[in-house]
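Shared chain: chain A. Partners: chain B in the first complex, chain C in the second.
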Partner chain A sequence: MTIIKLAPKRAFKTPVNAQTITPDAFQEKTMSEIAELHVWEGNRRRKLGELFHISEEKTAGSESLRIEVSGDLRKVRWIGAKMTTGEIIINGDVGMHLGEEMEGGKITVNGNAEAWLGSMMHGGTIEVKGNAGDYVASAYRGSTRGMNGGKIIIHGNVGNDAGNAMRKGVIIVHGNAGQFAGVNMHDGAILIKGNCEGRMGADMHGGKIVVCGHVKSVLPSFTIEAVRKRVKFEGEPVEGPFYLFLGDLNTKGKGKLFIAKNPNQHLSFYEKLL
Partner chain B sequence: MTVVSNVTCPVCGSLCDDIELVVENNRIVKVRNACAVGEAKFLGFADPHHRRVKPLIRKNGELVEASLDEAIRRSAEILAEACYPLLYGWSSTSTEAIRVGLELAEEVGGVADNTSTVCHGPSILSIQNVGIPTCTLGQIRHRADLVIYWGSNPWNAHPRHLERYTTFTEGRFQKSIWIRYLTKLQGLIGRKKAERAAELVSPRKEAMPQTEKVEGLPPPLKAEERKMIVVDVRKTRSAEIADYFLQVKPNMDYELLQAFRMAIHDRELDVDEVAGVPVELIEEVADVMLKCRFGMLFFGLGLTMTSAKIRNIDAAISLVRELNERTKFTIMPMRGHFNVTGANVVFTWQTGYPYAVDFSQGFPRYNPGETSAVDILARGDLDAALIVASDPVPHFPKKAVENLVKNPLIVIDPQVTPTSFMADVVIPSAFVGIETGGTAYRMDHVPLPLKKVVEPPETCLPDEVILRRILKEVRRLKGMRTA
Partner chain C sequence: MTSLLIKNGFVFDPLNGVNGEKMDIAVENGKIVEKVNEAEAKIIDASGMVVMPGGVDIHAHIVGAKVNSGRLLRPEDHVKDVEPKTPVTRSGVGYSVPSTFTTGYRYARMGYTTVMDPAMPPLKARHTHEEFNDTPILDKATYPLLGDCWFVLEYLKQDRIEECAAYVAWMLKATKGYAIKLVNPGGLEAWGFGGNVRDIDDPVPNFGITPREIVRGLCKVNTLLNLPHTIHVHTNNLGKPGNYVTTLETMRCVEDLARDGKPVIHITHCQFSAFAGDDWRTFDSGTEPIIKYVNAHSHVTLDMGQVVFTDTTTMTADGPFQFLLYELSGNKWVNSDVETETCSGIVPFQYRRKSFVHSMQWSIAMELALLIQDPWKIFLTTDHPNAGPFTHYPRIISWLMSRKAREKILERVNKKTLRKSLVPTIDREYTLHDIAVVTRAGQAKALGLKSKGHLGIGADADIAIYALNPETTDLSRKPATVRKAFERAAYTIKDGNIVVKNGEVVNAPMGRTFWLNVDAPKAEIEISKILQQKFAEYYTVSYQNYPVPEDYLAVSAPIHVKAEVE
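Let's turn to the complex of A and B:
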């Protein structure tokens, strides 16, 4: 395996557009060729080697490529954008648009990630050990096509609008989620193990959202369907019991919203309608 | 003494264009037809306490007077050297100046953003998501028989909006409800007088029997004539004028809008009340919406800047779209600054995007949340800023302001503002719409000419001229750098 290690030479003040930090761009390139790749620092065009220390390490085993980026990368955006193969490991907090439109491979973040993580991704896996910002796996402004495949696992919390206009794929959040998880979603599945600030599945057309923690309320455009003992998520059972809501009726949607019963006693009045 | 008529008022998005000004010795001495806010601006704009006439440059930590050429040269140097400058403001200047500003933003590879980023930015995002069924204010004046103000208080924020375009205007097909309102007001005054008299006779609180709250909607809403509904979190002055006031719990407008969408399709709700409003009432108001011949929904910052933001507007526009399946209904944002609509229009025709446009990579890119002014400032991404006709220091979050003043700051503004005190270069300009002409866009996207009524001080040039000179200087410096 080839491991290419990058570390910022200095702290960045302005945003750095690092779309070239992907295994696809690094593949079959020498170290000097990699250092010549272009990145943008604000409105200045720079070479990768000007901004990052780059080193190479070869280990026995497969011929795959792994990129390890370490340091304060909060201003570095678009790492792993459109990647199709290989692996990226980020040690530290990373900026926006990580893994945008990625099609394959794996990204692991040992830190926090900012907004638009895995936006409009088609395939591959992103795992964040810390928290993620708003618009995880979402569609861009004006687009109705969000995440279209792949898997995102967040061990911490996520912000608002996770899985906006999602079409396919899986999002698992071990912590809490903000508002509007799965807004406008068409298909795919979202599991939130913590609490959710509410308005889950607003205007959803299809797909599945499971919330294991507390929610403030359910939107008036959802209707109660049943109480289920457990729900299957990616083939594995998640123990309940869960209230099953259907909606969003405003979009004539057939989405399924599972809300854990025990932490949400304030929703018990819905049971009268069953 | 001369009388200048048909002047457009450069204060709010209503852009009243029937103002008459009496000018004597290059001073405005009398204002006719304007509201209190407009009159205060026309009469008080030249007050030396609020007006700056000399350019300033910060030297050794202090702002000192400088020549215009020196201020322009220093501004150009700051912008040409910057890696990620922010060019913010634009909503209180003319479209001609905004056009030059965008050329400058492209030349210096910066981010151009206008004040809609902190007011109706979410509305624009929603319009891109959902579309917008709208019309001009003239159509509303003549035809609208149901006017809803949601999260906006026109009586205070757009004082002549009711009188010129909606409820109190005499349209060709719709009569004003002015007399109905006066009758209601007289009734209220009479009742208060009676209460006071009763208290004097027998000073007990229960002297006057309280009227029982009437269940359901008041009779005017069932009538054929023009009707007005206000939805807000508190009973504002506009709400007192309205035929019906619907009080929504703070930050729960989204739920209420979604409930209305359910109600107009006769879908059953599983709950008894939504956002503090009983479901029966929601159904009754939904019936009023469906039975009107031409409805209009005006929404303000009570909808765009509360919880759910763009989703509120998504829901409001979707509601209007669905109402159009049964009747005629339109929607319009209540824009604040007099040319904020113009800023969006010029940004769109020049770059393809209405605000938060990033030119750093040589082409326009747009992603509010990332390229919008408050977010750039809060993260501290910028390394210089140019503020034109705006005052972010007292209005932006503390962290954003800290990052704004930490970096070189240029201010072009005719007024003495807190932002100008924190700047490194201050260039005073002429008041647009009073001392210099131009074009501005009304909230319904109708362009109106702004008039030059009095001569500006010699040292105050129009924003457009100042920006053009900075642009020329930047190009000269960049040419030198490339060479």
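Let's turn to the complex of A and C:
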């Protein structure tokens, strides 16, 4: 395996557009060629080697490529955008648009990720050990085509609008979620193991959202369908019991919203409507 | 100004009967001239290239309030199509609703030099002209929407044609417009109250006048005022299955108003008005009767409204149709009412090959273009951006010129379309001469633009040169070559200046804005008092503030018209 290690030479004040930090761009390139790749720092065009220390390590085994980026990357955006293969490991906090439109491969973040994580991704896996910002797996502003495949696992919390206009794929959040999880969702599945701030699945047309923690309320445009003992998520059972809501009726949607019963005793009045 | 000499090109100038002959074109002071001093002139070697007049587009929504709302509505349309600035051009964005500067550059790159914006709510005239002032290179004009205006409806209801003509004359001057545009006549007024008109004889609520009377009335007004273009009609029931009957009726209703075999009506984006069937399941092509009618009559011109399979933004003044489209697609939408004048709507839309209706729409436009025998009666448009962005014109040219290219599209469309479409049975392939007619000469003639669309002595030196050799290339077998040549003009010359070279903009001067200065003084004074009173009653804008002053236009180019009304 080839491991290419990058570390910022200095703290960045302006955002760095690092679309070239992908295994696809690094593949079959020598170290000097990699250092020549272009990145934008603000409105200045720079070479990758000007902004990052780059080193290479070869280990025995497969021929696959791994990129390790370490340091303060909060200003570095679009890492792994459109990548199709290989692996990226990020040690530290990373900026917006990580893995945007990615099609394959794997990204692991040992830290936090900012907004637009994995937006419009088609395939591959992203795992974040810390928290993620708003618009995880979301569509571009105004678009109705969000995440279309792949998997995102977040061990911490996520911000608002996770899975906006999602079409396919899976998002698993081990922590809490902000408002509007799965807004305008068409298909796919979201599992939130913690609490959710509310308005889950607004405008959803299809797909599945499972919330295991506390929610303040369910949107009035959802209708209660049943109480289920458990729900299947990616083939594995998640123990409940869960209230099953259907909606969003405003868009004649057929989305499924599962809300855990035990942490949400204040929703028990819905049972009368069954 | 320097003089130019374009040498040895294959010239296609249909209005002057030049069909691919090798000749030189001389340019001096922005006009085509007999000859220039070869020692002083800049020589452009066009040997092995096609030389045509600059392209003319009769119908493309490029500016105005509704286009701008479309821009605001679609950030996702802009992000995928970004143009960085160059030393000459400004930066811009937009695929289906490009920003104003980008619109100008992209048209020029395709060799187009004159573009007409076909739908201006009169109240939004200032906004429209402000955007025109930011649209470089192109000569342009706009058609005010008059088919649902309360004043027009009232005058026509009382059969006061001459006063209506005076009002229209005033309106063209006040809004700096070029032609009379009718969109779903009567229907838009009804939409103000949540209704629509069912057909051409369904009376408009509160006015009791039928669309037929509006079309006939404004057609008479058009003739009285001697306007260069005919009435420009977007038919009732547009975009609904079975609407070809309405289209035929609309064309028939002005048949008796034609004089000397000249056109009196232009049915725009006819594809959307040529649907058969009772609903979307029984949807079919209704082109056959329309083609038969148009082939047999000379008072009609059409434009195609060719569908391109892409993601686009539909926008028209036809509010009820846009609402229908929103209900069909479930996409985001805008709908708005413009006081006493008109309304409008916007819905993003994706045309898919595999959809039966969308691929039939593609086929309908192709049938119209290929089966109407006379190319002077049908023009190439996509009703930009309704059926596709104008940047796809070169592709459409390649479809028209090559059966092979059409077959390639048909391989991938919905199977039901393949059974129903007439396109596989059509052998006709357009020649370069036909293309020159449908993309420039025919449109300029229909618009009555005397100095455009041809390369005769005295014409504006708007010239497009394409790197395409009709002698060595088999155009019908090489659609990709044709498309590429028309996508990036080797040279575009505007008023004698080279503005595009090898597909890149090298100079971006400001083009003119044409408008009609209609001379009907006596009648106008008579109506002005009534107008002042009614403006106070109807409008949020005062009569004095309503007209757009001439100095509001960056490059004003009034065309003087002597009306027949006294």
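Worth a mention:
Please note the rule applied: the second predicted complex is superposed on the first by the 274 of 274 C-alpha atoms of A that agree within 3 Å, B and C clash if a C-alpha of one lies under 4 Å from a C-alpha of the other, contacts with A are read in each partner's own complex, and residues count from 1 in each chain.
By definition in this document, contacts are C-beta pairs under 8 Å (C-beta built on N, C-alpha and C of every residue); 3 or more make two chains touch, one makes a residue touch a chain.
Remember, it's a predicted structure, so these values are computed and weren't measured experimentally.
Contact with chain B, but none with chain C, is seen for A:V183 once the two complexes are overlaid on the shared chain.
Contacts of A:I224 after superposition on the shared chain: chain B is touched, whereas chain C is not. In the superposition on chain A, A:N250 makes contact with chain B only, while chain C stays out of contact range. By the touch criterion defined above, A:R10 reaches neither chain B nor chain C.
In the superposed model, more residues of chain A are touched by B than by the other of chain B and chain C.
Judged by the touch definition given at the top, the superposed model places A:G142 against both chain B and chain C.
On chain A, the surface patch touched by chain B in one complex and by chain C in the other comprises residues 140-142. Chain contact summary for the complex, chain A toward chain C: residues 139-144, 251.
Interface residues of chain C facing chain A in the complex, by the touch rule stated above, are 73-77, 79, 330-332. The residues of chain B lying in touch with chain A in their complex are 82-84, 108-110, 125, 128-129, 254-255, 258-259, 261-262, 265, 267-271, 274, 307-308, 311, 314, 318, 359-362, 366-370, 379-383. Taken together, the chain A residues at the contact with chain B in this complex read 13-15, 17, 40-44, 75, 96, 115-116, 134-135, 140-142, 179-180, 183, 199, 202-203, 217, 219-224, 248-250, 270, 273.
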